[in-house]
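I am attaching a structure below and will ask some questions about it afterwards.
To keep things simple, chains are lettered A, B, C and D as they appear, and every chain counts its residues starting from 1.
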Amino acid sequence: MADPRVLVAGATGFAGALAARIVHRHPALELARITARGDIGARLDSIYPRHRVPLALEELDLGDLDGFDAAIVAYPHGAAAPVVAALRGQGIPVVDLSADFRLRDLSTYGEWYGDHGAPELVDEAAYGLTELNRAAVAEAGVVANPGCYPTATLLALAPLARAGIVKSAVVDAKSGVSGAGKGGADYSQVAENVKPYGVDGHRHLPEIEQELHAMGATGPLTFIPHLLPLDQGLLASCYVELSRPLDAEELRGLYEGLYGSEAFVELVSDPPGVADVFESNYCRIHPRLEWGGERAIVFAAIDNLWKGAAGQAVQNLNLMLGLDEESGLT
Amino acid sequence: MADPRVLVAGATGFAGALAARIVHRHPALELARITARGDIGARLDSIYPRHRVPLALEELDLGDLDGFDAAIVAYPHGAAAPVVAALRGQGIPVVDLSADFRLRDLSTYGEWYGDHGAPELVDEAAYGLTELNRAAVAEAGVVANPGCYPTATLLALAPLARAGIVKSAVVDAKSGVSGAGKGGADYSQVAENVKPYGVDGHRHLPEIEQELHAMGATGPLTFIPHLLPLDQGLLASCYVELSRPLDAEELRGLYEGLYGSEAFVELVSDPPGVADVFESNYCRIHPRLEWGGERAIVFAAIDNLWKGAAGQAVQNLNLMLGLDEESGLT
Amino acid sequence: MADPRVLVAGATGFAGALAARIVHRHPALELARITARGDIGARLDSIYPRHRVPLALEELDLGDLDGFDAAIVAYPHGAAAPVVAALRGQGIPVVDLSADFRLRDLSTYGEWYGDHGAPELVDEAAYGLTELNRAAVAEAGVVANPGCYPTATLLALAPLARAGIVKSAVVDAKSGVSGAGKGGADYSQVAENVKPYGVDGHRHLPEIEQELHAMGATGPLTFIPHLLPLDQGLLASCYVELSRPLDAEELRGLYEGLYGSEAFVELVSDPPGVADVFESNYCRIHPRLEWGGERAIVFAAIDNLWKGAAGQAVQNLNLMLGLDEESGLT
Amino acid sequence: MADPRVLVAGATGFAGALAARIVHRHPALELARITARGDIGARLDSIYPRHRVPLALEELDLGDLDGFDAAIVAYPHGAAAPVVAALRGQGIPVVDLSADFRLRDLSTYGEWYGDHGAPELVDEAAYGLTELNRAAVAEAGVVANPGCYPTATLLALAPLARAGIVKSAVVDAKSGVSGAGKGGADYSQVAENVKPYGVDGHRHLPEIEQELHAMGATGPLTFIPHLLPLDQGLLASCYVELSRPLDAEELRGLYEGLYGSEAFVELVSDPPGVADVFESNYCRIHPRLEWGGERAIVFAAIDNLWKGAAGQAVQNLNLMLGLDEESGLT
């Protein structure tokens, strides 16, 4: 049987280009077409030599979607929704990398991104934080791939949140500049600097809150992202006020219970650096206790373009297509 | 009247070399001698071309301390104490950059640094966080110059701690590699990485706790340093649980009350980046409220080698010698 | 007598902002006004905190140039010429940082930059490589401040070129990204990379050739710039085929003869790194021989924003105004 | 038939650790044992998390070499020779990453590295620049894996050298810091800097000269390495004086003739950046002409740890063991 044929729409951004590379090298998928809104005709390997994807970029024709078995959409927020809708109209399973289907509440979506282009699809979309939502992803027609900050933060906090013991939390997050997208960071502003940003509200915050609340964490959350002079990598340092004290064994039990058999979550005994997970789909997590067990500190490190975007997208696609979840990612 | 003649002992480390440069360019001080434990005879500008200090390094002869009006000691922890004692024996005012005179409690000192080489001087040393301890510094014979992390953290928290409203605090600190000293950071381990370290206890923690408690903050403190891929610069992101809610005006009042007339503390309306204070003695602070005023977030950015070490050392020396506090630093 | 009042026009780019800072701190100049084409009303220290220039940006009104004793113009190529012409119309001495008055040949100018906005002024402009053209600069009404690559290259090669012994030369130049101007370099494209560019012709090449030929070097020149992952700094590695062999003493004699008494040129006995001259107006030069004296290798390191732009601009302005050439620059 | 069992001796340095990773993931090799001179008992993935090699480090017992079908030796220069000799004594094919078997002339070796530990093996060793010496590598019992600078330089120059038209050459090479080995580069010395080094003679120069002369290039060679603020990557910018002019077609013919069917050499139409070949075994080459065809400029970019060390080692091992040359490397 032929490998499923995958369309990557929006392949010139960082995440889309990486998605194209991962699909291209995937042993059980065929990269059928890559499209973009510019650079039509250029080969992707002329723009991203390192990814070595020899296909040429084409225009996306929503009237000609025959022959695709699945799609990864890496369009900007707002622009993705109509593309996803067209693909769903042809019954094509889609992983969407934008924020368009992440927020259940359309008014919250509207505050950050404006009018929604396909509100009718929001309810059927599964939130694609694979480890926390595997069953729904496997059944979904549309998967809303999480943002990079929510991925690290939610994986860090889920064992505590699901246990109902998160009273409040402070997330001090540190991200490399590729998270800002192509052209998002001027070298001279970033090098030899570190700076908090988005302190009056970051658009990833409602996404984190929505999912944490769904897990049972109802207290206040502070989320402060910082921009760092590195390209790929994201570290979430999470400081959690617990509603009851834990001991080390309980803490370990909670994390091993949830992640003990996960392929892409590594529980480690020392704080991780983002270099440990560079160019990989792994999330490294180190939980620890302070103040006699009344507070937990949890560090989670990911590569923002892999587990925080394109890698997790393929992980979700594998599930949707009935393939081995790890296929093409190790 | 001739300018005071200053000895810089230990001029080959990052902080000592910078101290030599600042003194050398100082309009009211004379850099009389620079000494080190190695590289004897080498000119400092051959080791640190950028500092442009044309003096040659000499051995430190503790039996020949005539002719110095003041000294800055930049020896490693433990090695500094006997040097400071010898200088004090000659009545020479000293700013010590090591940890040797920072901790009041000798047993705490012993846990981190071993036996103390001059315990009799500990009580007479003033803690040199200039803005918070100006009167004592001006009178002192020995000033214990604060560590870089304590400088940023204490400046960030002092207005709240002195008001008696710090119930607990989390300090997520981010430092460039020069804080680790010469040879302290292998490029390949640091570049494209960010990593927490010292999570089981950093030697700056007892220093921070000692000073915070002296100000009246008695609750628990979490302090997590992170190593960043940049050379100079330190950002302390402080998340403070308040014992009573504040409003924005009260918050502003506390910070302006303490720092409104300070030359080297800048209260800013947006979160600072460390590049804002690069190669300067300024500390930039941005306080804000969250959770309806129940929590404060305070960001403080310094250059770890300037305000966090050699710059503050000269600021203290200026005070001790009756000079303009800003002299040589702007 | 009051200090000369200086206008800095175009103060929001890297070079213009630095020029404003140097003038602002200059002991014998007054920074009278800073103008820009955008950000009107913003204080410069809100855009460049590190420069600490507290003036607000104004629009440049060419009809109201009263009260300025001198000007530094940091406009883009092409846009500078009419501004310079207006200032000259009021008799105001100008240092122009653009390429507009560097090239004697208008057709060459046209190939790279289009029509010239003030061709009548080209002949009266002095080429502002201070050490090589001091007398002309001191007399000039308009000084064309050299490009960063020409500054390093010409200082490296001048002693050989003036001796008439440059048969051919290869210049392999390495520049930090600030040379490309604000927004000129995306972090993700630059970090962990090094890449030649402009190999089919860089616009600094005709400037280098014009000046080298004027010194008597008539052979072929290869100039290959490379972009490096650093912000400020430029190294020119020059490989020179000599028309007759030299010995070490002759070589030293040529360089010391030309630069022995220069304040801002440092002849050093080891190859310089760009960090040696970071944030300074110095050019560090190390010449050496190879192949039995038939080839010379000359390394020249500058800070591209200082000696390669704003620093040299003030050095020239000092001369034009009869001030100490080093004033404000050390 | 079982996969050949490979020993990696010296797996804690950058190149040895990468060799272990490549062998570990290789579809047709088994990583049988990893040894080192320190860290015995530690798992390699605790030292190099990113490589994800789960084996523990053992001591190397030269008396117990049973059960290995091949070895990669990544010992320091001088220490490698006796290990290679012991392995050869058991008939085990070896790729040696040190300089110990690269230089044919023992007196030249002695000048740079001291006494040779296994001079009797020097003559039988093949020089492992795979593309230029494939037949000898395939037959050899010992392969001397080239240095990183020689790899890029020789691949860049071979088509011209073999055509007998290299009259002289200047190689301006730029390397990331991993080339200096573990602990070889202090962050504070490297960041925001670029600096030539080894100008009085680099130990890679005799290796380059030996091979170039063997190809027929007899003229003088200048080789100047520069250290850059990046981790992995090496660019050789080669400026070649030709003994007769070439036209573009001839130039292309020479390079395509030699490399047209090579898997790991990519001839490109624009100058390459080292990021193009990051974490790959490819060498990207861009040749061009200047001065009416009298000079050639050739840029060659490699990843110094891959094609310049461990990648090429496995490429050679593949050949020695009769495997597909690309196996495990794409």
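FYI, a contact is a pair of C-beta atoms (placed from the backbone, for glycine too) under 8 Å apart; a residue touches a chain by one contact, two chains touch by 3 or more.
On a predicted model such as this, the values are computed, not experimentally measured, just so you know.
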B-D or A-B, whichever has more C-beta pairs in contact:
A-B
Looking at B-D, C-D or A-D, which one is a repeat of the A-C interface (more than half the contact pairs shared)?
B-D
So the centre of each chain is just the mean of its C-alpha atoms; given that, what is the distance between chain A and chain B in Å?
40
Could you state the distance in Å from the CA-based centre of chain B to that of chain C?
38
What whole-number Å value describes the gap between the mean CA coordinates of chain B and chain D?
46
By the touch rule stated above, which residues of chain A touch at least two different other chains?
191-192, 229-231, 272-273, 275, 278
Spell out the part of chain D that touches chain C in their complex, as residue ranges.
168, 170, 172, 174, 176, 189, 191-197, 199, 220, 222, 224, 226, 228-233, 235, 237, 239, 271-275, 278, 288, 290-291, 295, 297, 299
How about chain B: which of its residues touch chain C in the complex?
49-50, 52, 191-192, 272-273, 275-280, 284
Chain A residues within the chain C interface of the complex
14, 177-178, 182-188, 190-192, 229-231
